[in-house]
Structures are given as C-alpha cells and as structure tokens.
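Next up: some structures, all given as structure tokens.
The two complexes that follow have chain A in common; it is paired with chain B in the first and with chain C in the second.
So, the complex of A and B:
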C-alpha cells in the first residue's frame, strides 16, 4: 500500500531516446512538494487485469514544485510496467504516485562528486545537477550508454556541463576506462553509480582494489523483480493462501490479494517490506538482508525474493 | 527505584591496533612527537615517494600551523589516501577533525593508541575546555568549579564531559583519584 498517494495528471510525454520516454506529471488535486536530489516515486499503473507499481527517479529540479518528471526505458523483457507506460499512458491521463522518497541522496561532505551513469541510470543525476550547481559543487559526470537505444539528455548535459561531462556511446565503441578515471580523482571524491548491475559491481571491485572506503561509493540499482517458478504463500494471521505466478513478484501477488505490506523501493534495497518467514526455503535476491540473515532463513524481501519450495508460510 | 543509583556508562573511544593500509596511494603520518610506534609504522611503509611524516613537536607547531602543513601535504593527494595520527588523545582528535574537513572519511583516519593519559575536560557549566587533566575531580580553568571527570568523550570537542562534583555542598570535595 502506498501511503498518501498523490493524484497527478500526465501533462507531457516526450521521446528522449530511441527506447526512453519522459513523462511530466502535474498535480491534480494537491500541491507537489519539493524533494531531495536522487529521490524517486512509485508510479501506480492500473491496467485492466492488474496494477503495476514501479519506482522511477525524479529527474526534475528538486525545488521545482510545478511538476515532476520521470523517464521510462522500455525494457526488452518488460514485465508489464514499462510496456504499459510506453503503450498506454497518454497526455491528459490521471495517475497515482507515491510521495518522493530517497535512497540515493548526495553526500554533501564530498569535496568532489564523480557521477557515473549507465543508460537510463542518468535520471537521478538529472535531479542532482541543479542542486549541485546551486551549491557550486565540484563535479564530473561520465555517461555510458548504447546510442541506438539510450543516451537521453546528452546534448543538454554537454551544453550545461561543458568539459565536466564525458559521454561514452558503446555503439560507437567508446569505452570508459573506469579504473584510471577513479584512480586519478582527488582526496575527498565521492563516487555515485546508477546503472546496470555490471557497472556497479565493476566500480565496487575497483574501489576495493584501490582501498577506497565503501562509504565513498554510493549506488542505486532498482533491480526489477526477475521471474521464477510459481509458489504458494500461506498468511499466518488470516489463514489465507496466495498464489504467486512466475512473472509476478511476491509483493505484487500479495497486493493483488489485498494483503498490504509496507514498501518503498520495490527493488530489494530499502528494507521496508521485510517479512518474517515461518516455514519454507527462501531464494534471496535482495541487497538489504545481511548474509547471516539470509542464511537464517527467517526473513524475506517480498519485492524481489522468491521461494525454492512450492509453499512458504509468512508471519504477516 | 533508587534514583541515587550510580550510572556507570563509559563512552571512551576504542583504539584497535594500526597497520599500514597497503592499498592506499598516499600515506601521511602525523605525530605530536615521533613515538616509537609511529616511527615503526612509518619505517614499515616501504614506498618512499608515497609517504610523508609531519611531527608537530619538533618546531612546537600550534594546531593552526600544523593545519596549514597538513592541508598542503594533502592538497594533491589522491582519493585513496590514509592518515595515521599519534600523540595525546586531544591531539589525535583535533587532527582527525582537520583531516575530516579536508575530505577524508573515518575509514581513512587511523588513530594510534594515545601516548598519555592526559584528557581535555569540557565544563558543562561554562563550556570551557581545560587541557592536561590527569585526576578527578579537577578544577575548571575558567569558572573554577570542581568537576567530576567522566568517561563521556566528545568527538567534536575532543574532550571529556565534566560536571560540578560538589554542587550541593560547596566545601565537600571528594578525594582526588588518578584517571586511567
């Protein structure tokens, strides 16, 4: 369940890259609030057969309360959400979103901010830049993308940031030498990564090799829940049994059955939706639980994790 | 409930043993004096181009003067640098505060075990910090109150909290004890 949902109207839809569309939301009945750079909203997409809920970073200026903007990449293997946004959502539509929440705010202690974006991972940095420019921060943005699919906003960014912006189009065989880039940064540089898991892992590995404290490396990966085999969930409190299909997440199946679990990122990082497991073998896919917690088998993050067994029992 | 019950909570920093962070690209050693332990660490760091030693006691540098030295040593340092600090506890934490403002994270600041039992004492009544305290109770250098020296350490002030020990009966001053 999304607390205090906000009704918004789609006031513009724009194709910003071959597979990315930008959506502008203006308030329908209540004023929008300002937000902190890096914040995201969960967008509810009510299709005929089910309601999809996806988290998208806000890419507008955090102080601009006249509208919110998000960008959605049409995923090759869309589970429904991004396809719904691309195919169904039109100017004038009313939608519901959660208030902004933030799991990827800049660390303002940094002396320099090194921003590494991969593809549609540029979005949170779009809200970083206005605030960082206002504060006169030292920053560099390195943007990696496939020009044939992604690469939104590159001209705008080039114009705004000049030589503080470097782009790498892998379809033109342009590559970012991550290690030498990171190695040559001055003391007090914080590194931010938003993009595919491989980019995050590569940066973390370089950080480890160079003895860079993990507190200087910040990343956000909204792992969309990956499919798996279907299973059943028994709800201890009500005795209800919910069936989880192969293509939907446990959290989505619970919501579909009117079993509401507090949640925020829907990508296995924030920890809001943690549930206690009474019975069953869990396939952990999140980045929130510690290794010990995972091994204990007592907890599950229903937004991304699934069951190895055919049936599990949850204490909810 | 016994409200007079003594509350015994220690909030003193813990200093694990320090080794060279080998992955680091630049190592800065800062000491109040060149202690054996700091010297051992400095010598064990084999790469001469990537290390620097800065001892405040040699020229009796003030914190302000040493701040200028440290800032210049670190001005061109890479992001994966490490700073090692040795000396009295107040010295260590004052230097740590300086390097933190330059951009180092706590993981990059290695504090050696303090070389003396001297404490700086923060008076909760007049907010003055009295240096060089070895015993409790101790007199505040500003308001002259007799303060009980607690084990509550402030990372911000690099000092221990002290409160008036004889607030109720002014001429009753407990026997002095050595701090450990």
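So, the complex of A and C:
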C-alpha cells in the first residue's frame, strides 16, 4: 500500500547518462511538501498486466517544492520497473508516488561529510548537496561510474564543487583508492555510501579495519527483489493460498492477490512489511532483521526475501 | 462551538485554575478498561469525536491558552534552559515553526494570520497581540530562537527528536510543564536512554516496538497517544528542577481534601514527522482535571476507581503516587457500586 498517495504529472524526461533518465514530477492536485536530504519516494508504475512499485531517491533541492526529480537507470535485467519507466513513461503522464520518506539522512553533527557514490547512487547526494552548501558543511564527493553507461550530472557537480569533487570513470580505467581516501580523513568525518553492494561492503570492511565506529558509516542499498524459485504461501487468517512466481517478489504476489501488507521502501531496509512466519524455511535477503531474528525463522521481509521450501504459512 | 480562551488563571501559588463545564465535558479521559493495562496505544492523529473535541484539530487551543502561555513565560524567565536546541537542530526548529503556524491559520483563522512572500513571513497572533515579520530559516530575524518564539505561542511542551542510525535523540525541546522529567537531563539521550526509568515496559518489548514504529513515521501521518499521572494541585510545572517547590505537597493530601487537590493529569501526545529535517516533533499537551470535577461524570468516576485499584505497585511508585494512592481509591469508591 502507499498511504496518502500523491498524484503527480511527468513534466520533463531527460537523458542524463547513456542508461539513465531523469524524470521531473509536478503536483497534479495537492502541493508537494518539502523533504529532507536523502529522502526517497516509491513510484507506482501501472502497466497493462501488473503494477510495479520501486523506490527512487529524490535528487532535487529539498526546499524546492515546485517539483520532485528522480533518476532511473535502465537495469540490464530489469524486472519490469526500470524498463517501464524508460519505455512507457512520457511527458504529460500522470503517476502516483508515496510521500517522501528518509532512511538515509545526513548526520549534521559531522565535522566533515565524505560522500561516496557509485553510478546511479549519485541521486541521494544530489539532495544532500544544496542543503550542505547552505550550511557551509565541509564535504567531499567521490563519484565512481562507468562512463559508457552512467556518470550523470558529473559536469554540473564539477562546476558546483570544484576540487571537492573527484570522479572515477572505470571505462577510462580510473580507480578510487578507497582505503587511502578513508584513512586520510580528519577525525569526526562521517562516510556516506550509495551504490552497488560491493562498494558498500568494501567501505564497511575498510571502516572496520581502521576502527571507524559503525555509527559514522551510513549507506543505503535498496536491494531489488532478485528472482528465485516459485513457491506457495498459505495465509493463516483467510485460508487463501497465493502462488509466488519466480520473477516476482512475495510482497508483489500478495498485493496482486489483494492481501494487504503495510510497506514503504520495498527494498529490505525499512522494516514496515515484516510478516510472522508460522511454518516453512526462509531465505533471508533483507538488511533489516537482526541475525538472531533471521536465525529464529519467525520473520520474513516479503519485499525481498523468499521461501526455501515449496510452501510457507504466514500469520497475516 | 469551541470554547474561547478565558482570562489568565494561575498554575502556582494561589492556583486559580478552573475547568468550565465544557472543558470538563471534552476532557481526554484516558482509561479505556476497568483493569489497568500497559500499552503503547498509538493511533492516527485524525479528527475524532466531532466539533469541540480535543481531537478535532491538529493542535488543540482551549480556554486555558492565555493561562498556559503566561505560565510558560514565568518558567522561561526563571529557567531559560527549559528551551534547548542543539546547533544541528536549527532546521528542525524551523520545520516546527512552519507546522504550527500553518496549522493554526488553517484551524483558527479568527486568532492567527500568516502572509508569506517567499522567505519573508508576516505572522500575527491576535490572542497574544504578537505581530512580527521575519525571514523563514534565518534565526537572527526573530526576537528569540525559533523554538522559543513558537513555543511561547502554543499550548503543550514540544521535544524535537533527531533521527540517526535507526534511533531517536532528544536534541531540542521547550519543556515547561513536564510530569517530573527534565529536558536538560535528557538532552542528547537516545530513545531507550530517556525511557530508562520507566518500569515494566522494557521487558515487555514495548519500547523496541514503539521505536521501530516511530522511526518509520511518514510526513503527513501524525499519530497520538494518551499518557497520564496524578498531580497535587493544578500545577503545570512539576519538573525535577523545581521539586523543592512541589514535592512536599504530596504530604498535604488528606481524605478531606483529596477530591479537590488531586488532579488527573493527561498528556495528549502527538508525534509528527518534520519534512525538511526528518526529525520528529513530539508534542505533549497537558490537561488537568480535579477528581471533584472528574466524578461529575459517573462513568469516569467508576472506571477511574477500578483502574486505580488494579494499578501495579511498580507504577504507583514510578508515578509518585505512593503517599496518596489509597486515599484516591477510597474517595473514588463512593462512586462505584463495586467497592
């Protein structure tokens, strides 16, 4: 469900990198609210056969309420969402989005903000930068991308940030020496990572090695629901059985079958959609449940996780 | 018709505070069960119970507005540290200014007006004869900090909670009518830290669940809950900082004066996500009613008697009721066929 959905109109579509398009949304009926740096919205994409819902970071100035902007990378193996955005969505279309939520806000107490972006992971930092500039924050942005596909906004960022911006185009064999970069930061630096899992894991490992408190390393990784084996779900309350296809998530299958589960990020981060498992083994793929909770087998995050067994029973 | 603010009454010294019949009728009576049970009892902060109810508007202005604002001014004069905001909370304080001003002009256009021209805001509060022009977001453009400025114009305490690493931190607030807790003491604490002294609820996992729920709260979906305690006299400011002024009053209760001197103190807590800062505003709006006034509603009298009888001893102690709790039960038992 998207509580309090907002209707918006697509007022511009722009190619900002070979595989990334930027979409500008303006309000259709109600005014858009301000939002906080790092916030995202869930965009509902109603195609003919199915409704996709994906979370995208807002990349405009948080104080500018005249529009919201997102950037969508066409995924090589799109499950439908990014392909729908790239192929179907046109200027003038009406769409529905959730109100902005934030799971990746800056820690304003930081003495310095070190921003590490990978590819389309630049987007949340696009909303960080205007506010950080207004506050006169000490910051550095390191931007890693494949120039042949990604690398949106790099000229703009270079112009805005000057020598506080460093870019690394791996198609030009440019590499970021993460460890020396992190090692040379002053005390009180907070590190923010948005990008592929490998970049997040590498940074976390370096942080651990250098004894940087985990509270000073922030990251946002929306796991996209990865495919798996099909399975069946018995709904305890209604006795209904829902079948989950290999390419869809458990949450999507439940929604398709009109079984309502509250949800927000749809990427295994926020914890809204947690369900209680009565029976069956779970393959956990989320970043929300604690190790103990995962081992207990009592909970599942239906947005990304799946069944190990052919059939599970959920207490919903 | 909603009741209009009346002339200033006092919450100290001569305690001239009174509730009109309409204020008694709309009092947010908190007990929903005969047997006392601990619960988080959060619900969406949507209008409820029709015109004139305390739940009708986002922020409730009632007949005590002027009295509470006068009381707040006194507390702040004696102790400016009752209003605190850490430097990183500046934008959250402005979020709150906007939230309160905009909801006031929408809900009470007869009392407030706001004209905005970009960042230039003109604010008028007719109840307090305030008219100021300022630059939104520029804390030097107001006669005092934005939090104190708006806090002096709205009933109820506010704490502003910064959200970091999946936890909440009490990094700002204006707290002049607390039920025995101190902002200066709790400042900077995390959610579980400032709830540390609460008995029972930790082991029941109540705070873990409440924290997860609150960190997920979305913009535009405020929630509310009621909390309660008993206070001797209609004293708003029962803070640890002023304990020497009110603590001894607990010993002044007798079977003869219990109905007049003991007040049920109910907090309507409204929690709302602030858009620019991603902080939460936590409004604690306090309502006081003497037992004497409360028992004019027979259903409340009966319910309150039964709830008080089943209150766990740990909570009697924690809420500071030990000295007079038996007298409260005796007094209320007159109104309950089941003794």
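We adopt the following convention: the second predicted complex is superposed on the first by the 316 of 316 C-alpha atoms of A that agree within 3 Å, B and C clash if a C-alpha of one lies under 4 Å from a C-alpha of the other, contacts with A are read in each partner's own complex, and residues count from 1 in each chain.
Simple rule for what comes next: contacts are C-beta pairs under 8 Å (C-beta built on N, C-alpha and C of every residue); 3 or more make two chains touch, one makes a residue touch a chain.
This one's a predicted model, so the numbers in the text were calculated from it and none came from an experiment.
Student: Tell me the contact category for A:36 with respect to chain B and chain C: first, second, both or neither.
Tutor: second
Student: Please tell me which partner, chain B or chain C, touches more residues of chain A.
Tutor: Touching more of chain A: C.
Student: I'd like to know which partner A:198 touches here: chain B for first, chain C for second, both or neither.
Tutor: Once the two structures are laid over each other on A, A:198 reaches no partner at all.
Student: Tell me the contact category for A:271 with respect to chain B and chain C: first, second, both or neither.
Tutor: second
Student: Is A:111 contacted by the first partner chain B, the second partner chain C, both or neither?
Tutor: Touch partner of A:111: chain B, not chain C.
Student: Quick check for you: in the superposed arrangement, does A:189 touch first (chain B), second (chain C), both or neither?
Tutor: First partner only, chain B.
Student: With the two structures laid over each other on chain A, which partner does A:210 touch: chain B (first), chain C (second), both, or neither?
Tutor: first
Student: Where on chain A do chain B and chain C both make contact?
Tutor: 109, 215
Student: Quick check: in the complex, which residue numbers of chain A touch chain C?
Tutor: Residue positions touching the partner: 3-4, 33-36, 38-39, 62-63, 98-102, 105, 107-109, 131, 215, 218, 264, 270-272.
Student: Any idea which chain B residues touch chain A in the complex?
Tutor: Listed in rising order, the residues are 21-25, 74, 76-82, 102-108.
Student: If you look only at chain A, which of its residues touch chain B in the complex?
Tutor: Checking each residue of chain A against chain B gives 109-111, 182-189, 209-216.
Student: Can you check the complex and tell me which residues of chain C touch chain A?
Tutor: Spelled out, the residues of chain C in touch with chain A are 88, 91, 162-165, 212, 216, 218-221, 275-278.
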